[in-house]
Amino acid sequence: MFADYSWGELLSIFAMQGFAGLILFSVFVLMALGLAIIFGQMGVINMAHGEFMILGAYVTYLVSRLFETYMPALFGIYFFIAMALAFVVAGALGMVVEWTLIRRLYKRPLDTLLATWGLSLILQQLFRSVFGPREVGVTIPQWMMGSLPLTDTIEVPINGLFVMVLAMSISAAIYVLMFRSRWGLQVRAVVANRTMADAVGINTERTDRLTFGIGCGVAGVAGAAFTMIGSTGPTSGQLYIVDTFLVVVFGGAGSLIGTIASAFSISQAQSILEFFLSGSMAKVLTLLAVVGILMVRPQGLFALKLRK
Amino acid sequence: ALSASLFLPKGLRAQDFPTAAVNTTGLAVTDTEVTVGILHSVTGTMSISETGSVQAEKLAIEQINKMGGVLGRQIKFVQEDGASDWPTFAEKARKLLVDNKVASVMGCWTSASRKAVLPVFEQYNGMLYYPTFYEGLEQSPNVIYTGQEATQQIIAGLDWVTKTKGAKSFYLLGSDYIWPRTSNKIARKHIEKLGLEVVGEEYYPLGHTQFNSVINKIKLKKPDVIYAIVVGGSNVAFYKQLKAAGIDMTKEKPLLLTISVTEDEILGIGGENIDGAYACMKYFQSLDNPNNVDFVKAFKEMYGNDIVIGDVTQAAYLGPWLWKAAVEKAGSFDIDKIKEASPGIELPTAPEGYVKVHENHHLWSKTRVGHAQADGQYKVVFETSDLVEPDPFPEGYQ
Amino acid sequence: MLDIAELRSAYGESEILHGMSMSVPKGQIVAIMGRNGMGKTTLMKTLMGIVPTKSGSIRVGDKDVTAMKPHERVASGIAYVPQGRMIFSAMTVQENVETGLTVTGEKTVPPDIYELFPVLLEMKNRRGGNLSGGQQQQLAIARALASKPKALLLDEPTEGIQPSIIREMARTLRRIRDERGLTIIVSEQVLSFALDVADRVMVIENGEIVHDAPREGIDEAKIARFLSV
Amino acid sequence: MATGRDGRFLNRTEMLGAAALALLVFVLLPLALDPFRLNLFGKYLTYAFVAVGLVLCWGAGGILSLGQGIFFGLGGYALAMFLKLEASTPEATAIQSTPGIPDFMDWNQITALPGWWQPFHSLTFTIIAVVAVPVIFAFIIGTAMFRRRVGGVYFSIITQAIAAILTILIIGQQGYTGGVNGITDLRTLNGWDIRTDEAKTVLYFVNGALLFGCLALAQFVRRSKLGRILIAMRDREDRVRFSGYDVASFKIFVFCLGAAFAAIGGAMFTLQVGFMSPSFVGIVPSIEMVIFCAVGGRNSILGAVWGTLLVNWAKTTFSEGFPELWQFGMGALFIAVVLVFPDGLAGLWKQHVEPLFARLKPRPSAPQPAE
Amino acid sequence: MSAAMSDSKDAFILTVEDLTVSFDGFKAVNGLNFYVEPNECRVIIGPNGAGKTTVLDLICGRTKATGGSVQFKGQELLKMREDQIVHAGVGRKFQNPSVYEDLTVFENLEISYPRGYSVFGALAFRRDQAVRDRIAEIAEIIFLQNHLQEKAAYLSHGQKQWLEIGMLLIQDPELLMLDEPVAGMSVAERVKTAELLNRIIADRSVIVIEHDMKFVEDIATRVTVLHQGKLLAEGSMAHVQADPKVIEVYLGH
């Protein structure tokens, strides 16, 4: 498969694909971060995670239409407002869902899978009823379009760069929140043992609600970012869900660093393979490798070593 | 509508066609009504594409009813949801034929759904009006294909880019299923026949959203034409990423030619992201002829000003009209008579212009090339002078 | 300090505490003794709010905590060391102790806690779940003390602890009590420890207090009779 | 749950439940429904095979597979391959460039039948393959996972990934598999036209009989010591290991058994619906099958069948009545099951119907479980 | 210890030599040697965190050793899987009572009955008279003869501990290892448990970990003291109790 290319070409292929992989990496990280909190930390198997992302995307769409219609002058910055709003809206819905649904299921983690699957059906239908079954287009501000040429073959898409910066900053923020803040300490205590956390003075209900809300909010931000590169339709969320879970599990469910490492290795593998194989085969091989590695290391790439 | 039918000229009134005579096989036909089925996905991934078809079919039915219906009978429809799931399509098709005894069905979008319902229509002797451009290699007496088969859509477009744009090398890509693969196979054969070069061919799973790799390959191979048959939501990702990667389609090279992006898809992609691409199909909303002006007006009156109309939507609109014409020609709702009557039917009022049903149950139609504009519409830059003959089993392209 | 009146609590249908009353003054250490299944743990959990109160009242100082959630009770000054320790196993020793700081708002673990349990300082970066049983018990006590309680509930704290530490624990608890004026309720199976630590011994049987006496001049034989059979 | 405390194969309520189900499947439905609706219920019953397998794996063994579609699909495809070959006689496919091979191969420029398709000319081979291929596949997955002690949610997500892989492969290798379209237009089984109403009715009864066979087998497994070991394993895997059992081999066994049930269901699906497509292999159908099981009550073998019938019947009814809104109904149903009836229909039966019986003990009337 | 060493190794049922395990560099068990004779009740004591539980984990295959050897009747256990170790004749009780709460006492014991270990063996397993008799016999020993049809979930803490011991007894292991069997038991239950142990020691060897010195005194033939993963002292109860090092690190003054 290398024979078709000259050495110079191969070099730039690896550079370009590496970069494409970085964008894919950022996409994976964005998808997975919210789930790393909700599933990795709280243990809730949130099958509606994709729908929370799409909710963020629809919010972005609405905001873009609003700016286009009423504030065209400020259109260049609408995206930041959209992102903040996506966080708030998805987070608020997350909190409502936690309050009505999830909090009754902490003792039955597998049941969260079924309940959130039902939720995802309802959300999809809601999107369809409100926004119509067709995909909606989000106009990207001019400054985010186009690319910066590095060499004559390697160009860096600006929106890709933006997604990357976004992914990195959110990861950093979540890391600090979960592992360097008092709040993160409480979250982890609640997750470890809800009754006991309550008995050492932690308001577990509030912590749960906030945690779930933040996880959903991050999903919303991811959805906002995806409007730049992906499609927004009622069922688009489903496309992401398996990949997202796999990224989190492959990293080691409890580990944020693991999530990032896993997103990185999966994206790079897929990106490089895609160049030499068909898109389908690249995906199959990547998934197979992930499954294979998980069989050898069932606890994921980065797992806590705890005695049983 | 009923009172109107009293004043209809003889030959269009229900009483001129006693039910016992026009319906010898127990279809859902009464003295005043005839029931047809609408079978599309209104949920699941395909609802994005199929919504337009449902709208068009309902519009046609309403217009026909206003004109007095079919053989004086008002058309009633039963709508079923295929839910983007092929077995569900088959189940609902059986339900429509067996339970509802519908006189015809307007339905399906993907080839997979058509393949799933085909045996059902043949077994229960139903009539399906299928609106989508598709891969060909099929010819069922129980189906009228109102969209184009692959050679009709492809060959004229390729001839046009090679002649007027001087294209020499092509990069083929598409979603991974039968229509894009078959279409690209035909395209490749034709390109090679013309003595030109295919420099790459790629397929991605339905729903794929990461096209950076193929874009990199395209940059490396520098083809004159990117020939793209990406379908559904993947389109959005593909064109946004293409644009972000600095491939400017408004420039002469590489030029992008697609057969899968209608105005409907542009709605999701965003006009600014596909500005400058060329599409090759039989219908564009911007077609300037009186039929189409009326059609677009009626469509917008019914569904609002923001609505757009794509190739498949128009083809779906033809379904009820072609069926009506066949029934009237046969003077009967019986399926066997309609099958027999269908070839040769002409529809001068089609928005795309005059069309005619071929012996092989496909339509003769013109093929056009549209140039995508930033406002989400296509400007027609080429149209075949004659109707293109449908050829579902093309010699030399298999 | 801790006043319990007519306390009833139940798991679903089955009532375990049948109207229990007691009053523990500030600075007193009470040992609750009783055979297995007599309701010691249930009493602790009811005081903590983990098992709901059916009727009756619980007061800490002059605050009625009966209607409060567990974390609110912690804020009102109760702290709890459960039977079976229940430390947060994936978190480090230090983080475990820090969870106790939630209600005090302090940023760092007060050094006197590590002075009480030097092994915890040594292991402060080890995961709680990797500690040995006895180490976990010490951690659980430290975590409870971190919330600066007025009343400390210990459910069989000597379970799985080596003899020297048990002895020391008695001394430590008395010292904490002396230094902080803490009220302590400790449930226990082993009489010797109870006598070491407590100012007052109560015996619980079938959810009721059947014996209540100050340690001075206690009738060991009588208590032993309650505990056997 | 019932684990054979009294040593009998079926206790009283189970007997009543089984009789009620048999009455419904073999008498009431065939009498009440036209061939089209009966065929629909036949299709639902094919999913029940999967749900029953899930009761063993998940309800009893605690192994939640989100990839049962893999086995349903493999079983279905195996039979579809046979039927497709039978339908692809040179005469029937004369129009193709290569007559005598399945139409989709021809569309994909394949000019000779691939070697691995050849054995599917034989019905005997096919019948063996219907069960053997999925079971071997399950054995490989099970061995790889359970020997490595992959469990819980990890197992679920990995099976989901495998379902995704298989779907992509089937779709990507369309020349050999029919791709997204699936294998369609199946006509006869050894010359017997399976498309007629009579054939469909016969198949419905065959399907019902097979299902009761699987139910009996499942009941036998649960009643055996193996059934109790599964429950023990679900609750305290370590203890089972230290009681001298090789836990992995037990898990592999139920997983394979669940796969075999699913495969039989898949093959019956192919026969009754007349085609097989990758939309039955993927993640969505796999999760739906788990939901059928949960709605029925994950611990109850009979409940799984009732659950499957209920959900599918509801889905068809909602979607016919409200084509654009039925997903709300389905979503609400799933949430309700989890929140309000965590033990599903079987739980409702236990809570509300059985006490009734207890009161009416002297003369038990005809049972009518919730449906 | 020196006396034990001088015997031929065949005289021991269990030989632990140079056993070491390290967790991320921390040596929880460090070059440990000790030997268990047939029909002895060996009690292991030692400070919290000394490595007692870890030693049992290593012997029964729950934790993989970093180095050393554990020989049971001449078989190397370190290379065997948990269930194989059980089949070899080693039974292990966990620190927290570990029974199948969803099953009855009878079923708990039945599952542990040493027949039908394989998948198909379990399918073919029949509850015959031999099984019933044996279960009845064991139930009597563990004071649960009147609770056979009760769900294990409803037993008291102490009863669960006994049930778990019963589940081991029914397998008739030659070496029984118990981790803090009387933790959480009332005084009366402790006495009964000691009585139970003394009864079953007759035809097997037992290793017990315990912190209750009164109980240790009641059951021990010999006592091994661990400290920081190493052997600190070994001998009779009286001998060990008098050892100043043991007093220093464990018993206290």
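In this document, chain identifiers A, B, C, D and E correspond to the written order of the chains, with residue numbering beginning at 1 in each.
Following the convention adopted for this analysis, a residue touches a chain if its C-beta (ideal position, glycine included) is under 8 Å from a C-beta of that chain, and two chains touch if they have at least 3 such contacts.
As the structure is a prediction and not an experimental result, all values here were calculated from the model.
When every chain is reduced to the mean of its CA atoms, the largest separation from chain A belongs to E. If you compare B-D with A-B, the chain pair joined by more contacting C-beta pairs is A-B.
Distance between chain A and chain B, defined via averaged C-alpha coordinates, is recorded as 36 Å. We define each chain's centre as the mean of its Cα atoms; on that basis chain C and chain E are separated by 31 Å.
One simple way to say how far apart two chains are is to compare their mean CA positions; for chain B and chain E this gives 76 Å. Contact of a single residue of chain D with at least two other chains is seen at positions 168, 171-172, 238, 324, 327. For chain C, residues touching at least two other chains, in rising order: 130. Residue positions of chain A with contacts to 2 or more other chains are 124-125, 128, 238, 278, 280, 283, 305, 307-308. If you check the complex, the residues on chain D that touch chain E are 1, 3, 5, 7, 220-221, 224-226, 228-229, 231-232, 235-236, 238-247, 249-250, 253. Of all residues in chain D, only 34-37, 39-40, 43, 95, 97, 103-104, 106-109, 168, 171-172, 174, 179-182, 184-187, 195, 273-275, 277, 279-280, 316, 319-320, 323-324, 326-327 touch chain B in the complex they form. On chain A, the positions that touch chain C within their shared complex are 182, 185-186, 188-189, 192-193, 195-205, 254, 304-307. Residue ranges on chain E touching chain D, taken from their complex, read 60, 62, 81-83, 86-87, 91-92, 94, 98-104, 107, 110-112, 114, 116-119, 122-125, 127, 149, 167, 171.
Residues of chain B that touch chain A in their complex: 42-45, 47-48, 50-51, 84, 176, 202-205, 207-210, 212-217, 219-220, 233-237, 240-241, 243-246, 264-273.
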